[in-house]
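As written, the chain order gives the labels A, B and C, with residue 1 at the start of each chain.
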Amino acid sequence: MELEYIMRYVLCILAIAVIINCVWSLVRLKPDKKVYALLVDMANDTQYPINCYETSVGRSRWCDIVFTNSTVSRSHAVVALRKDGFYVFDTESKTGVYVNNEKIVKKQKLEDGDIIAFGTAFMKFYIGSEADRDIKHKKQEKVLCPRLVNIMDDTEFDLDGDYITIGREEGSNIEISAKYVSRRQAEIYKEKNKWYIEDYGRVVKTTVNGEQIYSPTELRDGDVIKIGDFAFLYEE
Amino acid sequence: MNILKGKNVNLALMLFVVTLFEVTCLFTLLGKAEEQYKMNIIITMGVYILVQYAYFFGAKIILKRKSFEVELIAFLLTSIGLSITASVYPKLAVKQLIAVLIGIFGFIFVQWLLRDIDRIMFLRIPIAVCAVGLLAFTLVFAKLTNGAKNWIYIGGLSIQPSELVKVAFIIVGAATLERLQSNRSLTKFIIFALGCVGCLFLMYDFGTALIFFFTFIVISFMRSGDIRTLALVCTGAFMGGLLVLMFKPYVANRFASFGHVWEYFDTSGFQQTRTMIYSTSGGLFGVGLGNGKLRDIYAATEDLVFGVVCEEFGMIMAGAILLSYVALLVYSIRHSKYARSSFYAIVACAAAALMLFQASLNVFGVNDLLPLTGVTLPFISRGGSSIMCCWMLMALIKSVDRSTYRFGGVRQ
Amino acid sequence: MKSISRRALMLYALILLFLAGCGLLYFNLVTNANDWAMNRANKHLYSEGALSTAGDILDSKGNIIVTTEDGKRVYSDNKNLRMALLHTVGDTSGYIANGIQTTFKDELTGYTLLDGVYNLKRYGKGNDIKLTLNSKVCETAYKALGNNKGTVGVMNYKTGEIVCIASTPTYDINNKPKDIDTDTTGKYEGIYINRFFSGVYTPGSTFKVLTAICAVENIPDIYDRTFECKGKTLIGEGYVICSGTHGKIGFEKALNKSCNCAFAKIADELGAEKLMATAEKIGFNANMADISGKIHCAKSRINLTESSSLDIGWAGIGQYTTLINPCHMLTVMGAIANGGTAQTPYLVSQITSPEGKTVFSAKESITGEYFTSDVAKKVDEMLRSNVKNQYGDGFFPKMSFCGKTGTAEVSNDKNIRPNALFVGYSQLEEMPFAIIVVVEDTTTSITSAVPIASKVMKAVKSEYVK
């Protein structure tokens, strides 16, 4: 009888010890944040770390990564980490998702360094942590003069003269062979140490940051020049 | 890679304490049991303890898991329920043990099933069809027992399909983020939920119907965040409920004593008042396993089991049990952002919320803070289907923790 | 995932609700623990609706009044004692509300919030309760009351111990009359009530003691006054009738003779305010502290605000709407005897746990200083003169007894007989006991109440004075 009397307390204390320990641990512990990948905005170098397995991208404030760009749908896409790597899903966006300049249907596997375009928001996709990113970045910063970067293949075109033509015509400084590009599509020139762009396109118009230009427009660091499916990043 | 900040519980120590608890229960049970049932009890508790060790061994050594809090809680709660069953119905102890073992197997199976997100997303439609089919089958073939038509009998075994459907319901309701973003409409899920809840209503299993409805609300909210639609659904359900009460007054009669059970002391308030009387009789530390008197009341080990725990183990332990349900939900919520997919986040939160809701229906029901609906207390109540369901829900909760599965991360 | 996890945060509301519910649940369980656990349906404590396992109840000498044997409550063998103590000890089925077995049920069963009813499992019984009662005196009081309805109470005015309570009608708990709930003749009227604690009576002339106190406090020359008694006297718009024609009479003599005319005039002169002030100072219109913390007493009442002079006159001689509770009145008498200090009456002297530990031990306490020792002394002298000069010391030999009788008319109907009351106490140092006797539906106090008081006090003397 005496044993049972004490056993009641013991039993209670044992159970509570386990429960309290587990409960405390469950309530207290939280998974640490971890960056799985990075999206770098090619227009202005903003870094968007991807620290969830599924990351929504869009204009809505409910998205994990918010772009204010008007060509981005409210919920545009999802970047998801699956068993065999990263995927990007087009979640019925209006302007589509492009990976390396190809429009994706529903989903597309991502590789390190891929360029993803959400509408006209161009992103460079890096797998891994931020530290890796910085090293790559520094390499690029060595060049000092302004340049145009072809977003598709990362080839750079240094603006070392003061007059550059873009068009289908042979002999243009930047030659684009697509049919819809006019022979003389656009001109970029330097005036008082600033670079201006002027559009001469007939079939497709040249846009800067998604906006059509009607008169010579000054270029600023990070502007994206787009001609049809071709895009260039202006860097200083 | 240490996923969690801070340290997890020490598995070896906790396992030792849990074992100590179970062994103490075993000896207490043996001290009270009749000679012919002693073997039953030894087998039940013995096998249970062995399985528990086997599980933790497998998870720690083979799967190299780090966190075991969820399982420890599940094992402890199950052992409390098992002890009560073995004490009140020593004859049925082995049967209950088998259900527990199936439950643990289900726990492992569901974890495996959820491993591959594409597979489980693909399986949702067949699961949905099976779930509704099972409920419809029950509706047609079940016999009326205790005023509800929710049991089917297959060769001497009785199963409550609605318990298994709970798990299916949650899986069907959840989805990955890209699916949620591309298809915001809840229509399909609403139709599915309506089918399930409708079947349960026709079975007169209102408690379970309420749980399904609640789970539906939680899942829908997690999916869409659309408060307006949900408010509409709730109002509709409320009106529907009122209509049922108006046209089937005997349904209302079931809840007539709610709020003043002491006035219906020997009639419709019988179970509640006895639960309260014996709960307080136990005091903070209880009168000891096997010394209770509430066990003689009808459905003591199912609906009134909270009272039995209070009386025999004491109010403090009962409180700790309630706390553990809360902790599971907190765990799910805190991990939801870092889950491997929104599917797991929704599944875990819904499962934990379901358990908490069911626990509150049971506990507050027998203590007259809510109407008595006759649902079980997760893990503690006797009943095979119920315990299986609880273990499978645990798998859903466990899936929210990204450390549960070892693959899928980025190689570093 | 942000959207999902933000929505998941809403579930904290559910958790809060749940925790609030748990809080309420535990609040209910803890605050109602005693009530609920002591419920008659609790098979730990009750079998077939009667308390089956509980500690013993003992009298002040340690004699067992009730005990538990084989899961049954066993009462004393002495039938008279069972009858005498019925109301105090109470039953186990809850008919008698103020009985020890009802009010002290958690102590008797040893219920504690910590261990629940486990002590019963452990020891097979709960705590023992020792009362201040003396069985012999109680039995004598019950026998003296005989077939009358009424009550007797005796307390030690120095300590507050209640040594005797008897209340009739009563029944034998081992042999409860079958017609008790069906009877219509009225012989069992109020049988479940302990009249000593729960009864209220019209005080009749015993109230003159209070009027006298008020007079001593407020009229400096009261001893020099004389009053004219012609059998009746005009107060306001009507007459107050006296029991006799006392002619010219002084203050002390008026109390001896219980002259209505004199006291009605005094009351009229004092006025409602002063009478009320004195009465309320000594505990009228206020609930007494529950006896031993658990037994509830009825309230003594007086209300003279808006009363006419005539009514105040009647009130001064204890008629009108004034009501007294026997236990309260006894406390007041004790205060007079004790130099103005009212001791708090108590009934439970000790509670002992099954392991033999003393769980509770009564402490003497003072209810209040009811009046100055000077006033107490003056009234004490007059009350002594009542017994010495009016009722005769023969009733209370060698007790130096003080007292006041009262005959309370309870109805204008001549066929309904009055209640007889007696309040008194002994001045002896070795016998500090006060008594109240109420006999319902009888002739005069001197023929009914005083002889009962006499018998009881003689028993007290033989028990307590060696």
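Keep in mind that, in the parts below, contacts are C-beta pairs under 8 Å (C-beta built on N, C-alpha and C of every residue); 3 or more make two chains touch, one makes a residue touch a chain.
Since we're looking at a predicted model, the values are computed, not measured.
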Chain closest to the middle [Cα centroid of all protein chains]: B
Label of the chain whose CA centroid is most distant from the centroid of chain A: C
Centre-to-centre distance between chain C and chain A (centres being mean Cα positions), rounded to whole Å: 90
Chain centre separation in whole Å, for chain B relative to chain A (CA means): 44
Interchain centroid distance [CA atoms averaged], chain B/chain C, Å: 58
Multi-partner residues of chain C (each touching 2 or more other chains): 1-3, 6, 118, 121
Where chain A touches two or more other chains, by residue: 5, 8, 52-54, 56, 62
In chain B, residues with contacts to at least two other chains: 177, 225, 285-288, 314, 326, 330, 337-339, 342
Contact footprint of chain B on chain A as seen in their complex: 4-5, 7-12, 14-23, 25-33, 36-37, 52-54, 56, 58, 62, 75, 77-78, 80-83, 89, 91-92, 107, 127-129
Chain C contact footprint on chain B (complex, rising order): 177, 218, 221-222, 225, 265, 273-274, 276-288, 291, 293, 296, 310-311, 314-315, 319, 322, 325-326, 329-330, 332-333, 336-339, 342, 345-346, 349, 352-353, 356-357, 359-360, 363-364, 367, 369
Chain B contact footprint on chain C (complex, rising order): 1-12, 14-15, 18-19, 21-22, 24-26, 28-29, 32-34, 36-37, 39, 41-44, 111-118, 121
Residues of chain C defined as touching chain A within the complex: 1-3, 6, 118, 121-122
Chain A residues touching chain C - in the complex, by the definition given at the top: 1, 5, 8, 52-56, 62-64
